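Okay, so subunit A shows up in both of these, paired with subunit B first and subunit C after.
Let's look at the complex of A and B:
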């Protein structure tokens, strides 16, 4: 047993990872306080002109499997909830990762504009100098964005001067690079710092988390999976009864899509449908919700009634029944609204959760290997003692 | 003289930075930092990049000339360097161009593959080397199993207390040791910096006294 060829181990590990990746199944990634705190901090900036987050991509392509889903999840959260986002990298290899991350998320948000909703500073050398410089004035320190536009002319800079407004930085890295912000920007300017790190680096950053120097931390694929779940449950949530074309209330206050974080919502049974990662095609309504939903679309009431099916006191519309002709008849806006209500998640927004399934199996395999290895070791030891 | 002047430069440079960090004076914060240091930093970083490219090219050229072991791979360096540069300079680095295509379809999967090999080595090491040889090793082994299980959704299904126990391991014993290491490293850095500033530590100048 002790002389097992390691290639057998490699084959077992490969299968343990590949099969769950190819056949996703629903599992619940319980969220932890470091992830929830970061989510809530970003969410508290929703819709505010005078608040923004900075995402620092301090890594290359090698650590993307763990860090990229985090970046996508946070960008999605920001775009869903109208949070201003700035991005930068201290590594030349990080520049295409920013482009890739923004493009990946932006495809689903046609209204989001560069220079208005987000701004990419691109690659900037000498982090130490810029970390401090931005504390005084961001536009003077950075000068231009990645496209060469003067920062002071960009609409996103309205209300954003320094760390008092761009009040949260999230550093993504496969190292303890987040400590630079803690050492230089937090004590001097009161900047809130959070990190997204590879799982192996998480233990090194726990002291900062416990001391409160880090407001939150996403550790490895698990952190990314937790954040994806929070975005699905809160930021991407749409109330079937609400009309989202109304963007301001009677007092002129901005109404944002999604809903604020709430622990009781996470524990609610109805949330289960929102966190499924298998393909979903059925939009479910209570009868009251369905009445309110159809009231928003009076011209399509006959069509919606035709598509709806009452099941256990709920109205269900199965999008599998929607043929291209029906889709054309209902219009793309209504179709997309129904699609969102199915709770289905695009692959790019559930990558980490699918990965966590594979990681579950891989962890179990590794534990089995440890146990088998130790059994073999003790048998060998007992035999040696006997001889 | 060969060592005194560099020593004086280091001491003076160090003292300026100490003064800058502790004093909010206009001359240090504005004149030194914003007007002098920042522009120089930008200029220096471009040269540093150039230096890196030159150094790497010289190393690979020498490897090819000497026919050093695996010298053929050095041609791949030059080929990929030239192709990537041309793709970036001519087509730009935006989505839709060759540069981004190569990033998404060549660099990203290759780098991720290299990183993912870690899982295979870990599994192999878990089987071949992770042994309960002593009480300490047994504690480490049990802690590793608990943390590994608690990290995945399956752990929660085994027991609702597992994540709590795992968090305790991370928050208490792990933090205690981490803090000890960090404090030691921090105090060591302060001591070394002071020794350099005072001219006691000179080994960075190279050579013997």
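Let's look at the complex of A and C:
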């Protein structure tokens, strides 16, 4: 074992990663409190005019495999649950990554508008001055967004003045850059700080988590996978019986899509379908849910009944049976609603979870190699002593 | 062939060139390495010009006439004098100016990184976790106290600090492995999804 050519180890590790990526399987990523706390903090801003989050992209392309899925997951959460988002970077190479992340998520949210639902400050130099300045007034300090528009004229700035409203910053970096916010903004303005960091840096930031200086932390691909799961289970959830075209209740309060975080929901058996990462094509309803769902679409009741199939006291619609003609007949809105109910997730929203499958297999392989290497070492040592 | 597929193929070719080093050093690896250095430098230069110099120096001074910015611009340019033997000493001024930020950070850094951490280490020991943190903090701090020999009961207690650090190093190693594997996963996801799947389609 000691004389084994290391290239064999490379081949085995490569296969351990390639095979799970090419053949994804359903696995569960148990969520941890640092991720859940961050999710809940962001979710508590849902639908509020006077609350916003700031995402700071302090990294370049080298750390994208770990950090980009986190950024996409948080942006998706914010867009699903109507949370105002500001983005910036202190690094010139971070500016195109912000645009790439926003565009990746925005493709699925045609109603989301720049300057209304989100605002990109782009690259800004002088981090210390701006971190302190935003504590007094954001519009005066940042002045313009990345497109050169005056911030004070943008609708997103309604109700947002300083850190009292933009009350959470999430710093994404491959370093301890999050400590800048902890050092300068948190003691003076009480800003809540969270970080998304590469796994290498996570150990350095755990003390801040324990002391409460960080409200949450996403560490590496695992943190991204956990956040993706939470978004699928809560923010992207749709109740089949509810009509989401109604955006306000009788009292004029805004009705938000998705549902609030709940630990019991995470442990519920029905959640299993929502966290699958393999392709899903079947939308499942209880009979009551199906009745409520068809009532929302009275003109398509015969079509839905024709597509539905009763299985174990559940009504199932398999989207694989929907031909282009049927899709045209039912309309794109109904098709998209049915697609949502299948629990299928687009590849870009489950990248980290698929990556974690490979990560798990690779870790097991590495542990096996370490154990075998140690056994080989001691056998060799015993033989040498004997000789 | 679409532009996206072409650019992905170029990316895939250079990714494989870099991976080929795992077999042994070869001209493909060396060519890719040299190109990475050259392209990174060129990209950085153009990008900094476009995103930093033009909006924050040229436009603000020449177009918006904010002439006060000439002072910091000149101060920043003094950095370039490091290449001159005669005038190299002038480059110390922008460095001295930037030390102002460091000075400001000292009291705030002490507060955030030491005082708050100390306060959190002094909370009532109500749970097993807090007890473990308390023992670990004391033992590790004493491990670095070298005025007393690490012998006897004291030495054994200090040894607990060493074990705590070993566990910490183990956790750091595990996380480092995870990070490096994640980078590999990112590259292979690119090869599998953005190149291989695109070619099949």
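In this section, the second predicted complex is superposed on the first by the 387 of 387 C-alpha atoms of A that agree within 3 Å, B and C clash if a C-alpha of one lies under 4 Å from a C-alpha of the other, contacts with A are read in each partner's own complex, and residues count from 1 in each chain.
Following the convention adopted for this analysis, a residue touches a chain if its C-beta (ideal position, glycine included) is under 8 Å from a C-beta of that chain, and two chains touch if they have at least 3 such contacts.
Computed from a prediction, not measured in an experiment: that's the story for all the values here.
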- Check whether A:183 is in contact with subunit B, with subunit C, with both or with neither, and answer first, second, both or neither. second
- Message: Contact-wise, after the overlay, does A:10 reach subunit B, subunit C, both or neither (first, second, both, neither)?
- Response: both
- When the two structures are overlaid on chain A, which partner does A:271 contact: first (subunit B), second (subunit C), both, or neither? neither
- Message: In the overlaid three-chain picture, which partner chain does A:347 touch, first (subunit B) or second (subunit C), both, or neither?
- Response: second
- Task: Once the structures are superposed on A, label A:87 by its partner contacts, choosing first (subunit B), second (subunit C), both or neither.
- Result: neither
- In the overlay, answer first, second, both or neither for which of subunit B and subunit C A:280 touches. neither
- Message: Looking at A:35, would you say it contacts subunit B, subunit C, both, or neither? Reply first, second, both or neither.
- Response: neither
- Message: With both complexes superposed on chain A, which partner does A:294 reach: first (subunit B), second (subunit C), both or neither?
- Response: neither
- Kindly classify A:192 by the partners it touches after superposition: subunit B alone (first), subunit C alone (second), both, or neither? neither
- Query: Is there a shared patch on subunit A that both subunit B and subunit C touch, and which residues make it up?
  - Reply: 10, 13-14, 17, 64-65, 92, 95, 125, 199, 203, 207, 210, 220, 222, 359, 362-363, 366
- Hey, which residues of subunit C end up touching subunit A in the complex? 22-23, 44, 47-48, 51-52, 56, 101, 104-105, 108-109, 111-113, 116-117, 119-120, 133, 168, 171-172, 175-179, 181-189, 192-193
- Item | Interface residues, subunit B side, partner subunit A - complex | 33-34, 37-38, 41-42, 44-46, 48-49, 93-95, 99-100, 103-104, 107-108, 110-112, 114-116, 119-120, 122-124, 126-132, 141, 144-145, 148-149, 151-154, 156, 163, 167, 170-171, 174-175, 178-179, 182
- Would you tell me which residues of subunit A are touching subunit B in their complex? 2, 4, 6, 9-10, 12-14, 17, 27-30, 32, 60-65, 92, 95-96, 99-100, 103, 125-126, 129, 132-133, 136, 141, 199, 203-204, 206-207, 210, 220, 222, 356-357, 359-360, 362-367, 369-370, 372-374, 377
- Item | Touching residues (chain side subunit A, partner subunit C) in the complex | 7, 10, 13-14, 17-18, 21-22, 64-66, 92-93, 95, 123, 125, 128, 179, 182-184, 186-187, 198-200, 202-203, 207, 210-213, 219-222, 347, 351, 354-355, 358-359, 362-363, 366
